[in-house]
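Chain lettering (A, B, C and D) follows the sequence in which the chains are written, and residue indices restart at 1 in each chain.
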């Protein structure tokens, strides 16, 4: 399991290959690898210049590890990767990535969706949209993100 | 006890962190104590349903006891992912 | 949309980066990218030396395109990628990959699962396990793979 | 009409492709005609529930008519992915 909380960019391809190589080196014999990558979207009217992501340094890795441990306990997984950035990001940059590996595709898919649903609402990150006119808007949590957790209750 | 604030809670209160001496028994009592201190706290804590709290870096709730807790953090619902 | 049916290896990282770059170049503004990669598993007793994948050349691309078009019609997708290999593969090599991109994570996840479920049972590929003693076993279709399609009916 | 065989159907019949002159009206009639020809066909076609058929590269069924069809393919359930 690898968890990285970082301000720098990461390379989707490099991380995907490293995850796959790790499986092969460990003899995990996993047949299914799922990745999810989140990318900063531009606002529909184009007035967002950047996304600022604040986090809670002591708690962030701890909360993510708890979520990843829970995924390992619920599904039969050969490995889990979570990368989440913080700081100032511009539209088009990747925010975060999860990867899961399992013998069976359903486990890998469900675990990746579970990780995403929990990272959205239970990992201590807060997004602020920085606009062209200098204003900043805190992104509000969506009811639908909270409701997504019901699926795993 | 260290108290931390994040996102718009931090902005409204005007600082990221402070040390507070308190005899509050629960989070809710601590919130009442802070809110009585100054208006900016009262404003930030005016709607607890819009806030979340973590005790020693674990999500908790406003009725949780504070005995032995060293770090309390207040913040809005998280928007990660 | 890109569909590739090939006997050669592909690089997961390179394909992931190319897919992400394509989204960015086209201004798709997709916030969510999901990939699935299938890897040849070794047999539990280690006696499988290779997997031979037969396909139906004329029909394969046509069937995959139909499945991908159906995914584009059902979900709001910015792009779809399907790569599927045929020929002789050894354990640890990747067999296939799908990638989906959407504004919303749920669409990207569901579409990727849909593509996988249909590729398993509706694209004309047949797997044969080649064993150490020279024998070859055709892999039998699983009832569970056929049942997985009910979810999308 | 071209007839193609894949996977174990190809192995049992012993060839990947052949050209057949037929007046069969449906796939089922074509199967009966081939099965009557030689034992290897009868063996390959003995359990139609274990077989799939494609007409001109689209999945079809055994009761489908053959008018205008140029290519028929027989194979076991697919195991891609």
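Note that a residue touches a chain if its C-beta (ideal position, glycine included) is under 8 Å from a C-beta of that chain, and two chains touch if they have at least 3 such contacts.
Nothing here was measured: the structure is a model prediction, and the numbers come from that model.
Per-chain CA centroids place chain A at a distance of 23 Å from chain C. Centre-to-centre separation between chain C and chain D, using Cα means, comes to 26 Å.
A separation of 72 Å divides the Cα centre of chain B from that of chain D. Measuring from the averaged C-alpha position of chain A to that of chain D gives a distance of 48 Å.
Along chain C, residues 38, 105, 116 each make contact with two or more other chains.
Shared interface positions of chain B, i.e. residues touching 2 or more other chains, are given as 81. Chain-to-chain contact here is organised linearly: an open path runs through the chains from one end to the other. The complete set of chain-chain contacts reads A-B, A-C, C-D. Residue ranges of chain C in contact with chain A, taken from their complex: 11-17, 20, 23-24, 29-42, 91-92, 94, 103, 105-106, 108-109, 112-113, 116, 148.
Contact residues of chain C toward chain D in the complex are 38, 54, 56, 58-59, 62-63, 84, 95-96, 116, 119-128, 138-141, 145-146.
Of all the residues in chain D, the ones that touch chain C in their complex are 4, 6-8, 10, 54, 57-59, 71, 73, 75-81.
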